[in-house]
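Pasting the structures in now, so scroll down.
What follows is a pair of complexes built around chain A, which joins chain B in one and chain C in the other.
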Partner chain A sequence: MDAAGLGRARASAFVAPALVLIGVFLVFPALWTLYLGVTNWRLTGLAAAEPEFVGLDNYVDALSDDRFLGSLYRTFVFVIGSAIAGQMVLGFIIAWLMRNTTKLIRGLVETLVLIAWILPASVIAWLWLVLLDRRSGTLNAILGTEDTAWLLEYPMQSIIAFNIFNGTAFSMLLFSSALASIPPSQIETAKMSGARTWATLRDVVFPNIRGHILTVLLLVTLWTFNVFAPFLLTGGGPGQETEIFPVLIYRLALQTGELGKGAAFSLIMIIINLAIALIYLRVLRERRQS
Partner chain B sequence: MTTTVEPPAAPPTTGRGANGAFVRAALGRIGRYVFISFVIAFFALPVLWLVSAPFDRAPALRLSVPEFTLRNFEVLLDNPYALRSLGNSVIISLATMAIVLVLAALASYALSRVRIPGRDVLLYSLLLLSSIVTGTAAMVPTFVLITELKLIDTHLAVVLVMAGGLLPAAIFILKDFMDNTPKSYEESARVYGASSLQVLRHVVVPIARPGLATIAVWGVVQVWGNFLVPFILLRSPDNFPAAVVMFTFYTEGGQPNLALISAFSLLFSIPVVLLYLFVNRRYGFRFYGGIKS
Partner chain C sequence: MKTHVRRGSIAAALLIPALVLAACGGDDDDSPDNGNGEGQQDGDGGQITLTLSENAIRGGKNTEAAEFIEDWLIPEFEAMKAEEGVDVTVNFEGAGSDDEDYKTAMALDLSTGEGADVLSLDGIWVGEFAQAGYIAPLEEVHPDATSWDGWEQIPEAVQQNMTFDGQLYGIPGGTDGRVIYYNKELFAEAGLPEEWQPTSWEEILEAARALKEIDGVIPIQLNGGVNMGEATTMQGFLPLLVGTGANIWQDDMWLGGSEQVQQVLDLYATIYGEEELGDPLLQQEAAGRDNSFLQFSEGSIGMLLEGDYFWRSVINPTSDLAPMENRDEVVGWAMIPAMEPGAGINGQDFVSMSGGGGHVLNPNTEHPEHAWDLMAFMESPEALMERHADDPRITARTDVNDEIITDEMIRFIADEVLPITAYRPGLEAYPQVSIALQEATEAVVTGMSPADAAAQYQSTLEGIVGAENIAD
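Showing the complex of A and B:
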């Protein structure tokens, strides 16, 4: 077992530096939200010097806070729209259609989708600001909709489209390898017996890639829930119309300075993440068993 | 446009059924190409600006065929913040990558070779933790922690926070690599009296090089494009990395400085595209899926 002759003491010394860094900058902040969330800690002023214990007030207040509830609802719309209906469904349709096209089209589509994924989020945000600009944006020029301020009139739709653009590659890649693993004979048999596309998908394809669908669903949901990039497009505005949960935490804690409340919301976010991750682990275990 | 796989639709022979099938197949094919064209437009349209505007004499928001010039890159060279921020990005990503690489190599090697009690539980819970305590979810406690440590507005703060977040996954991936490297070389090195650090440096590292290269590329890509962590931890424009500084490029009139933004975006994107091509050539692009998130 111990080929390198490390011994437990030296092995622990090898592991320790990494654990210290993880402990201080990952584990400790996560645990600290438990404490920060029950204080009225502020960025400036009296409560910054001597934060007071306020119990569960931050959490109780949140339940009747329209801004918090509104943000949860908007996050829900954003995740359903851009992660599930957007990235997942679009990724699947692209992967499905690319099975039967020429190599040229397949290469072109896959490269474009991948580029939208690998470019830094800041660059992509600028590309979309340019695309959607009111006075002389490319989109208005193409659609002939002069003077449409997309980011003001359709803010939620804009950040949903932006996030679909940015993240579809993952589900496209995963689904195309999943589809490749289905025995072609099964699909051919369904086609020969006269099944339409929808029936083929329902009876042959989906049952075969059930595990992959769940994986994509959960990962894409988790990532989209944690994405901050829409802030670069709209800053949460106009008003609070695109104030999804991460943006709410940023504005509340770091712009307004209500760190205690922000920490309480952060803990809620971590718990939701934990729930999604635990479901994912369970799905993985079931897949391994079957 | 032609398809290679699909057989031609059934010829319209006799009867209504065959005719309907023909029409349906034709409509289906048209619908498919319309949809594919739409997908291509959706993903290509925003990116076209990135390759045309940097070389346009009068870069506008609207997409146009550029009047070729390299003047926009001169604007970039003249801007004191632009090059500096790219330098900051290089410093931050290389420093983070170096810390992650060294600490993860040490830890994963030890975890791979010695059965420390509770090892697997430790590995899995760290991985779980790093995927739920994301930069967004932990921005408040991280900000307060860095403030208390008096590290606000330092690159060190960004490097430490990023490294802490990346280490669990790095250790996890590297341990897999280490498990698959043969142990006999280490045994013989030990017979000749090498210390364990020497064994690691001269025997294990050369064997595990592909794994280490993977972690290095992955680390750089993660840090290079990250916006949130430097955005909340840094204050002065002098310290901003490229991802943050881009949102300060406005003209005196309050208009976005498009000449600067377009040229800068291109320069900022080239390294990740090159790394992607490198990974693609070595491992196939599907592998990149694993390293992006």
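Showing the complex of A and C:
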């Protein structure tokens, strides 16, 4: 099994740098987070100088804490709404519609979608604040809905729309290339046998790009689960209505200074991330084998 | 088959950074030990670099302070040091963020053993920073500081702002007081007197109801909610609470969800409830406080409770936040009345709250002597006169105050408000209690009954300080 003929020692030397990097940037922080999560460490005060061991209290608190459970639920809504229903579906629709349009329109649309993706989240957030502003916002001016505080009255909807705007490009790009890989003959055949759009999608397109759909689904889910940018729009408020998981951790750890609890919550988040990633890797492997 | 494999590896390549980021994200929140700032570097030839941090930035928050530091203080100080034969360079690290964010940044800096040599802190943070070991008593960091000639000019009460557990941690920068500002033009329109001084909460409400009749005017801005941060506690909840005769901390006990707390929350309910004498949404906006400033300056808010900071730095015609060209003609001020005459703490008719910040030395500074000189120079009569010539405030020094307070408003604070004012407890738990109070006001502003909000506050407070430390 030593196809490259390196030998154990040299092979180890080759992977060592990578392992060191993974150790320093992945394993150590995770273990450190594990340690911090069982202390009552705070940003300031006595518990900052001499944190005490509190065992699993932080985790027990988390599971019985309405704020934690509420945040988990909101994250779920946010991921379903903005990643799956939003970015994926919209990304596919754009890719589908752009298939047969002229080069000019296609280039224009793709550029716009890409710009929304490439611009830093802080810039996009600023644009959205201007758009949704209660007193002189663009949206209120267009709709004639004077004095509607979108970010307060429709907070979750607002950050979902914001995240869709911000992240659709990835799905669109991946679906575009996926659609291009479908043998044209199959689509032509479907057309000639009189299949309507939906039938074509169901019987020809989706079976061909199943793998891509899965890839997009998992990656977009993972990213959206970790996204922090909505904080720039709403700060987690009003109240806790847009307190998705990363925002909850930030507020706990840095705004109220409960670093120990924040670490415990971070670890829970890492575990959820790992679970999604494992599913993803598993699925990939199965696809390769099939 | 082949394409699948390749696509898979591309996707995996995309996935790995995502995982690494997730892990680092978790770590950034928690570990203070990864700061890799180089700190102050001494160049060759004995050059000394000092860093000064303050929540002030040119063209933004506290722009007057930032301009003063960059245009006058630093050049003067460097020249002064050059005369002594020391080559000092001072860097100003300004910020323009919410006070809470600034505090977090300072705590993180100090917890890594880095940070500016001289930094400004709010007085109520001194306790928690000291207990965390982030700052140290002045006489430990720089023993010569005790012999500074400025101390005798700073009254004991003001020194308390930078004192914790009997130890002085820095030089206080002055103090302030809280009043009700009102727009005289709107008052005239509503048929209210131009010279107005309410003597009870009911009279404030009556004025608010009269202002409500004017189209497009928010009668009163009483800070509420968590987004306003300490401004909710300091300009909203606490001045009202002392008006009911109670202190948040008295006789070594914290005040629980008592009758007085409910009375304050009742007033919030009256203002933000059905009558809509205030704008409940404004309290929840991320930039609600700044927007309330803007709306007051544009003449669409009738009354607003604030400190003299508002007069000096917000609606000052030279300010960049919410300048009012006609401030001196249009804006009036009145003392905050107790709930009823004589109902305030110590049987007072009128009440206020005061606080104040100051500068501390970073215990890790490599040049405590020069850093102290910078700090002391900032609080020298010469510097204070220069700083406050056009922007008067109550400084820490009596010798300076006697000369610079010419402004009628600031004089009012010094003469009328300071004698009746109250201070927050400089205890480690205070900032958490403060957040619990903000949450209680937010609950009421968004429709919870005052009784439920008081009960919720009581249980939060028990979690912070323990039931045994709460008075009924």
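By definition in this document, the second predicted complex is superposed on the first by the 263 of 290 C-alpha atoms of A that agree within 3 Å, B and C clash if a C-alpha of one lies under 4 Å from a C-alpha of the other, contacts with A are read in each partner's own complex, and residues count from 1 in each chain.
Keep in mind that, in the parts below, a contact is a pair of C-beta atoms (placed from the backbone, for glycine too) under 8 Å apart; a residue touches a chain by one contact, two chains touch by 3 or more.
As the structure is a prediction and not an experimental result, all values here were calculated from the model.
In the superposed model, A:173 lies in contact with chain B only, and not with chain C. Within the superposed three-chain model, A:112 lies in touch with chain B and out of touch with chain C [touch as defined at top].
Of the two partner chains placed by the overlay, chain B and chain C both lie in contact with A:266. A count of residues in chain A touched by chain B and by chain C gives the higher number to B.
Once the two complexes are laid over each other on the shared chain, residue contacts for A:36 go to chain B and to chain C alike.
Shared-chain residue A:206: touches no atom of chain B or chain C. Legend: residue contacts after superposition of the two complexes on their common chain; A:26 is shown touching both chain B and chain C. Judged by the touch definition given at the top, the superposed model places A:239 against chain C, while chain B stays out of reach. Touch criterion met: A:121 reaches chain B, while chain C stays clear of it.
Shared-chain residue A:287: touches chain C; no touch with chain B. Counting contacts as defined above, chain A residues 25-26, 29-30, 32-33, 36, 41, 135, 219, 222-223, 226, 228, 246, 249-250, 253-254, 259, 262-263, 266, 269-270, 273-274, 277, 281 meet chain B in one complex and chain C in the other. Those residues of chain B that touch chain A in the complex are listed here as 1-6, 28, 32, 35-36, 39-40, 42-47, 49-50, 53, 60-63, 99, 103-104, 106-107, 109-111, 113-116, 126, 128-145, 160-161, 163-165, 167-168, 171, 183-184, 186-187, 190, 196, 199-200, 204, 221, 224-225, 227-228, 232, 242-244, 246-247, 256, 258, 261, 265, 268-269, 272-273, 276, 285-286, 288-289, 292-293. Against chain C, in their complex, chain A makes its touches with residues 25-26, 29-30, 32-33, 36, 41-46, 48-49, 134-135, 149, 151-152, 181, 211-212, 215, 219, 222-223, 226, 228, 233-235, 237-239, 246, 249-250, 253-257, 259, 262-263, 266-267, 269-270, 273-274, 277, 280-281, 284, 287-288.
Listed in rising order, the residues of chain A touching chain B in the complex are 1-8, 10-12, 14-15, 17-19, 21-22, 24-30, 32-33, 36, 41, 90, 93-94, 97, 99-103, 105, 108-109, 112-124, 126-131, 133, 135-139, 141-142, 165, 169-170, 173-174, 177, 197, 219, 222-223, 226-229, 232, 246, 249-250, 253-254, 259, 262-263, 265-266, 269-270, 273-274, 277, 281. Residue ranges of chain C in contact with chain A, taken from their complex: 3-5, 7-8, 11-12, 14-15, 18-27, 29-31, 100, 104, 107-108, 111, 125, 127-129, 131-134, 226-227, 281, 284-286, 291, 428, 431-432, 435, 442, 446.
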